[in-house]
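Should a chain be cited, it is by its letter among A, B, C and D, assigned in written order, with residues numbered from 1 in that chain.
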Amino acid sequence: MFDFLPPQAASLSPEIDFLFFGLLIISALVLGLLFTLLLLYCIKYRRGSGASRTGQEEKSWRIEIGWTAATLIAFVALFFWGADLYARLYEAPPDTLDIFVVGKQWIWKVQHPDGQAEIDALHVPVDRDIRLIMASQDVIHSFYVPAFRLKRDVVPGRYESLWFHPIRTGSFQLECSEFCGTDHARMTGEIVVMSQADYANWLATQAHGDSFAGAGEKLFRSLGCGGCHGPGSTVHAPDLAGLYGKTVALADGGFAHADDDFLRDAILLPQKRAPAGYAPVMPSFAGQLDESQILALIVYIKSLDEKPRKTP
Amino acid sequence: MTSARRAPCKNYLTENFTLRSWFFTTDHKRIALLYFASITMFFFIGGGAAAAMRYILLHPDGAPVSAEIYNRLFTTHGIVMVWFFLVPAIPTTFGNFLLPMMIGARDVAFPKLNLLSWYLFILGGSFVLYALFVGGLDTGWTFYAPYSTMYSSGHLIAAVTGIFIAGFSSILTGLNFIITLHRLRAPGMGWYSLPIFCWSLYSTSVILIVATPVLAMTLLLLATEHLIHVGIFDPALGGDPLLFQHLFWFYSHPAVYIMILPGMGVVSEIIPCFSRKELFGYKFLCWASVSIAVIGFLVWGHHMFVAGISMYAGLMFSFLSFAVAVPSAIKVFNWTATLHKGSISFEAPMLYALGFIGLFTIGGLTGLFLATLPVDVHVTQTYFIVAHFHYIMVGGMVTAFFGALHFWWPKITGRMYPEIWARFAAVLMFCGFNLTFFPQFILGYEGMPRRYHVYAEQYQVLNVFSSGGAGVLAVAYLLPLFYLGWSLIWSRRASANPWQATGIEWQAPSPPPKDNFTHPPKVPAKPYAYVTPGADHD
Amino acid sequence: MTRAEPRRPLYFAWAALMSLLALTIFGGYLKLGGANLFISVAIATAKAAIIIAIFMKPARELRLGWVFSLGGIFFLLIMLGLTGADYLTRAQDLVP
Amino acid sequence: MTERHIVEKELAEPYADLRHQKQTANLGVWAFLSTEVLFFSGLLTAYSVYRFLYPQGFAEAGRHTEVLLGSINTGVLLTSSLFMALAVHAIRSGARRLMMLFLLITALLGLAFLGIKILEYYKEIGEGLLPGVFFTYAGPYAHTVEIFFFIYFMATGIHALHLSIGIGALFFLIWRTRCGSFTAEYHAGVEGVGLYWHFVDAVWVFIYPLIYLLGRNT
């Protein structure tokens, strides 16, 4: 539409642009009206001009209430327009392709579910719902893709997710938009959107050993997690198979949804949301694992819940 | 012109010439001048940093400096401009000088606290200048944790201490104004006889005393975490970085209104005076100021839409942010309506006021873009934000500051400024400003993040425009320094009321004597009782 | 000059404060789950109200004193309320 | 002293009569106290957020505070407030010597509070509960306990600082009274310090249950 705009590369970008231009037109009308009046009054009522000054508006409250109400109605309408679109931007649809992103000073590290890893680049297939699960190793970063009209701060200590549906192939700019230190301006990368066939090819040609879940399983063993959480263990510890997505009763009487953030806390801050019915003996692994290792563990734990369902 | 011929009698400037009489003065007018000198210095320090940044941004590869230097420059620019120019600018200078005079008082309620407030400001400023001269810091003015507390290596403690101390200076000023307005109004001066400038300062002061202590506590927590590594904000130790942002923006969003409300007050004085017409919708303007101050405390979360607050919190803050724009819109409409059937002349203060309306409206309208959630997700943390708040802060507040400076220059110094030069500077400022910051809206929508000194090639053209505009703007800001300085000695003397304005500060001689009024001022029943030539007044 | 002001309310206020202190200590050891917080904050509010109303007398000089004494609390509630609105609705923490 | 003497002695710029000056000073103190409320509210918000995020860890940490000393201190402070109110009452009827006595008792109770507070700090630091500097607690909720004690030391430390300033102000008042200030007609200074003292007391009234009584019910 306009040359200066970055390409509209995700399913919702045209809608965001539409909203933006809606706002732009409204603003232009308001500004046009205001500047016309200012200019008109300044010329017509300049000192010494012959224009009649009789009949100055004395009572003002009718006019005041009029324009206040008009402004308010316009604002409420704009709010609902924005709110509807935002809700769709915010909530990911089901069945997304999940890719893991770790930000650290000053690189973006990407892990695909099958184990392919890349730095400062993200390859995704076109026409699929893609969800990024993002973590930060150190400070707050922000994952920003202008062509998708999307950004999300990557806050250390928790997972942030961002979903999009690419609608055109090509290479788009990735930027860190939250100031993160010396080389903040160099923390950029590229998003490569490929046709589904090309994406399959690309995945195949990338050298990789284990799948991401496989890497997690190795870690799980080398850290000795199975000693307590394994099937034959004598220690009373939660069974991890099928845990992901469940609602867990907590020791303080509350409930928690066993999602990525919950598992992350369970590994790093086990007492933050301790489950009910277990002694608080889980050691903290904070400081021993980096963000992508934690992600690998979580992906492995997630994969555990699929097995029982496959063999009914 | 009797006063022009009369030999200068004793006024607050000629009362006494010793250094002691300046540095230990409790006269609100002298304190205003002490502040004026201090913030002028800070304005040019902050402006220098901005100029250096615009120079660096001419090239996409960030030459000729390293990232460290650029990061320190924008931090310097932010800290100095926000806390040592924009927040104190109008209240401590024109507020201090004019507030007691506008209500017919001899001084503010607590003159000694007023002086103490200036010393605190200078002490805080010294800490910040020390931090900058020994190497600066690179956190940005927002000090986001955990970067500021755990990772940055700059002189965080000195800078934060400086801001902490300067905060108490703000609190004392706010407290003084509130009590002064409640208690020292001249007999017969009701709330609805006050000029809008006083209402604006009252609203500003409420924000100053309510929000600033929260900043003080936040900075205290920040500094302690930095010093002894406790995890109050750092997630690695169990803290929550978003808590810092909540506390910080609880101050820093209302702080935006600290900066703009006094500007709105100034414009509300200038426009009726040069239109020779009563201010339209006076009571609506009064209460619009107060509602901005109160609703302004409900919207801070719009700085955090992409930072990880919940979707519901996002929607709530978005709605409230639209709500706070309503009173601002009311103000713009009322100023415009005041011009209708007036008798408008275009002296420099009026040019600044008209420029303010235009630039503030653009700033305000782009604020709506940012309150609209999906658009904010795209443009926040880009140059769109930078352009938006500079339209409010510089286009609005700084323009109003210069408007006030010219409008009350005769009252403060007793001299007229040179009109031609002043008009030229006003127009130059308006053009330079738009050239600098309008391209940044486009840059932002194209996706150039802020705080980047190395950027993609496609952004260069607009950046060059912006830097060019900054050059023009720099000249426009330096000009008044020369012609106003010149006017102090060589310009003609001003009469008591050169603009034929109705505010009672104009009933005092120019410059006023130490006790402000030579005889008790006549308080008009209603403010802005201008008579338009040719109108059929009852 | 108000010589006639009685001294007795001050002693009553002090007695009430001490009783509330005893009550809040006692309440702190009851096993009431979440209600403990509610009770202790309610008692603290009552104590503060006594201190303000009887010891401090906001309207001693000007009725405006009441506005000033409650103004700070009003903004404090805004701060707690809106910050809470975010924390209580963060999806990852609690299921309803 | 005659009316005219008092006016000559106490009246300051920019006031024309003492009543006006006194009311204004009183209002100024109230405005200052509303600022103080917001100063403490930053900490209160931090406390609320972390208590909400880590209920168990906070309960655990609360059990490590000195509830006995804290309760005694609450009583001491509430009593000091009574004497402060009595002091204001005394000067309002012109009893200057009685007021000095009450002020002295108030100040001594304040010092007693500080003494107990120091004892408490001494014990807690001995247990290794000083965050960042000397923190040796290694139970299951170590991080949370550290955050709790950070907020604890901040809140009580800033409170103690306020109290120390109050004590200093009380001795200043006593000294000024000996020099001849304060009469039944004009005693804005005493009332101002009184308001401040009661405010510091009211802050403690909230600190006490939130810190010392936390986690006592399990």
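The criterion applied here is as follows: a contact is a pair of C-beta atoms (placed from the backbone, for glycine too) under 8 Å apart; a residue touches a chain by one contact, two chains touch by 3 or more.
Predicted model only: the values in this text are computed from it and were never measured.
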Chain whose average C-alpha position is farthest from chain C's own: A
B-D against A-B, pair bridged by the larger set of C-beta contacts: A-B
Chain centre separation (chain A, chain C; CA means) in Å: 41
Inter-chain centre distance, chain A versus chain B - centres from mean C-alpha coordinates, in Å: 35
Cα-centroid distance, chain C relative to chain D, in whole angstrom: 15
Multi-partner residues of chain A (at least 2 other chains): 158, 254, 269, 272
For chain D, residues contacting two or more additional chains: 23, 27, 31, 34-36, 38, 41, 45, 49, 53-54, 143-144
Contacts with two or more other chains, residues of chain B listed in rising order: 182, 210, 214, 238-240, 242-243, 246, 311
Footprint of chain A on chain B - complex, ascending: 62, 67-68, 70-71, 138-140, 144, 146-147, 150-152, 235-236, 238-242, 275-278, 280-281, 284, 306-308, 311, 314-315, 318-319, 322-323, 325-326, 329-330, 332-334, 336-337, 339-346, 354, 357-358, 361-362, 365-366, 368-369, 371-375, 377-378, 380-382, 442, 445-447, 449-456, 532-536
Residues on chain D engaged by chain C in the complex (per definition of touch): 22-23, 26-27, 30-31, 33-38, 41, 44-45, 48-49, 52-53, 67, 71, 74-75, 78-79, 81-82, 84-86, 89, 92-94, 184-185, 191, 194-195, 198-199, 201-202, 205-206, 208-210, 212-213, 216-218
Footprint of chain D on chain C - complex, ascending: 1-3, 5, 7, 10-11, 13-14, 17-18, 21, 24-25, 27-33, 36, 40-41, 43-44, 47-48, 51-52, 54-56, 58, 60-62, 64-65, 68-69, 71-73, 75-76, 79-80, 83-84, 87-88, 93
Contact footprint of chain B on chain D as seen in their complex: 13-14, 20, 23-24, 27-28, 31-32, 34-36, 38-43, 45-46, 49-50, 53-54, 131-133, 143-144, 146-147, 150-151, 154
Residues on chain C engaged by chain B in the complex (per definition of touch): 64, 71-72, 75, 78-79, 82-83, 85-86, 89-91
